[in-house]
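Next up is a structure, given as structure tokens.
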Amino acid sequence: MKGMTVIVKKTTQLIAGIIFMYGIYIILHGHLTPGGGFAGGVILAGSFILLILAFGSDFLHLVKEERGSTMYENLAILVFLLLSLTGLLAGAKIFFANWLPHGTPGELLSAGFLPLYNIFVGIEVAASILTIFLALVIFKEEVMK
Amino acid sequence: MRYVTIFILSLVFWLLITFKFTVPDIAAGAVASAITAAIFGRYYFHNVYKFLQPRRWFWFVVYLVTFIWACIKANFDVAYRVLHPAMPIRPGIVKVKTTLRSDFAKTLLANSITMTPGTITVDIIGDDIYIHWIYIRSEDPAQYTSMVTGRFEEYIKKFAE
Amino acid sequence: MTSFLDILLYIQIALCAPCLYRIIRGPTIPDRMVGIDIFGILVVGICGIITVQTGKAFILDIGIAWVILSFIGTLTLAKYLSGKKLNE
Amino acid sequence: MAAIILISIGVIFNIFGCIGLIRLPDMYNRLQAATKCVTLGCCSILVGVMVHYGLGGAGFRALVAIPILFFTATVAAHALVRGAYHFGTKMDERSVKDDYMEAVK
């Protein structure tokens, strides 16, 4: 018997996608509502943690997942720094310069660079929290063996 | 098939929580739904086409009304037991057999049992559901099976099997 | 009307006290976890009442996020209770 | 006005649930009373929010929160009660029956 009971498994299948969608909503509306990159990233990581909890470790290959999440974390922080560097290079001569058009407040496409920063901070936070969780789990599995 | 299902469900969810119908909003929702479908598609249900039949929707509505009525009754039941000075409780765990086949139907039955008066699902092994009951009203298995599952089982069998 | 909503909000906040009592004084570990679980659901009610009271709709977002994170937390605690290994 | 009535009903149900959390004797009964009452109370509050805002953006957001709350609360209660049984929590001495004991062994 791997994972938790069939009730938890079926509900997880039903609800994990919706949780992921909600994390994306929090991230993309970070400049309009409370939340933003960090809170949305935590919810994104929560959907994967829910899958791992419900289905057990054999269903998702843990070590492979950990390599993937580490890679995503590094890539996301790299792209974040490159984006902030574009402000330095393109015109304004300021680190983290917001040189994109600002748009009208209240719309989805507004606030220049802030949604992009939010997206990459979200990926970064999700990947790093997932990495921490997987590292703890893998460490425990190795101790148990 | 399951990828299409989760894409449509996610897009409906997105449109409900944002409730703005400009082009950038819907485009962002479509992209986010595509990402969700790509990641979570292989964990989703595959025989969802059954829910396209209108007969099942009718029984779903009947089930929903019964379920909400049972929820409200459950709350007054709990209030009676909690506020009574002598606290009339007689708890125990009973075993109930179900005739439902699919896993999703069993899950729905277990969730309904959790919200009905005085019962909570402990575990589900094969066809047996173990239920913690706050006031066991009878000792006869056939009698308490019909008391616990009630009319939920036949409704669920009609719309989710 | 607003004052009545204030009273409801204070009652709802005061209801966290029984949960805290159960968390602090619970005789066994599962009792404390029941307190944590119920606390997580009560906060959603607080968020709903504050939404009506202040008229700011985005507070509901906090409520939904709280439901989801509390669900994951309770599942983790239940998993800790039921077995020592992830696979069990 | 209807919104205020629905919210009041929800708060009253929450009060019942929290009294149950204090008064009932063992963990299973407490979890049962508290989960049912608090879940339906919070759903009632969310329906009140939906009535207050009408079917606009915030109303639909409250409507979406209700099924999520139902599924998560019931499944969390089920997982918690199963975990507590496997942990070895004793039932109250007024209990009359325990069919699950044979299935675990």
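Side notes on the structure shown:
Per-chain numbering from 1; labels A, B, C and D assigned in written order.
One rule holds in what follows: a contact is a pair of C-beta atoms (placed from the backbone, for glycine too) under 8 Å apart; a residue touches a chain by one contact, two chains touch by 3 or more.
Just so it is clear, the structure is predicted and the values come from calculations on it, not from any experiment.
The chains in contact with chain A and with chain C alike are D. More inter-chain C-beta contacts link the pair C-D than the other of C-D and A-B. Each chain gets a centre from the mean of its Cα atoms; for chain C and chain D, those two points are 11 Å apart. Centre-to-centre, using mean CA coordinates, chain A is 30 Å away from chain B.
Here the CA centre of chain B is 14 Å from the CA centre of chain D. Inter-chain spacing, taken between the CA centroids of chain A and chain D, is 30 Å.
Annotation for chain B: residues 13, 17-18, 20, 110-111, 121, 123 touch two or more other chains. Among the residues of chain A, those touching two or more other chains are numbered 4-5, 7-8, 11, 14, 18, 22. The residues of chain C that reach two or more other chains are 61, 64, 68, 71, 75, 78-79, 82, listed in rising order. By the document's touch criterion, interfaces exist between A-B, A-C, A-D, B-D, C-D.
The touching residues of chain B, counted against chain A in their complex, run 6, 9-10, 13-14, 17-18, 20, 22, 24-25, 28, 32-33, 35-37, 39-40, 43-45, 103-104, 106-107, 110-111, 121, 123-124.
By the touch criterion given at the top, residues 4-5, 7-8, 11, 14-15, 18 of chain A touch chain D in their complex.
The touching residues of chain C, counted against chain A in their complex, run 58, 61-62, 64-65, 68-69, 71-72, 75-76, 78-79, 82, 84-88.
Those residues of chain D that touch chain A in the complex are listed here as 68, 71-72, 75, 78-79, 82. Those residues of chain B that touch chain D in the complex are listed here as 13, 16-20, 71-72, 74-75, 78-79, 81-83, 87, 89-95, 110-111, 114-115, 118-123, 125, 128, 130, 132, 134, 136.
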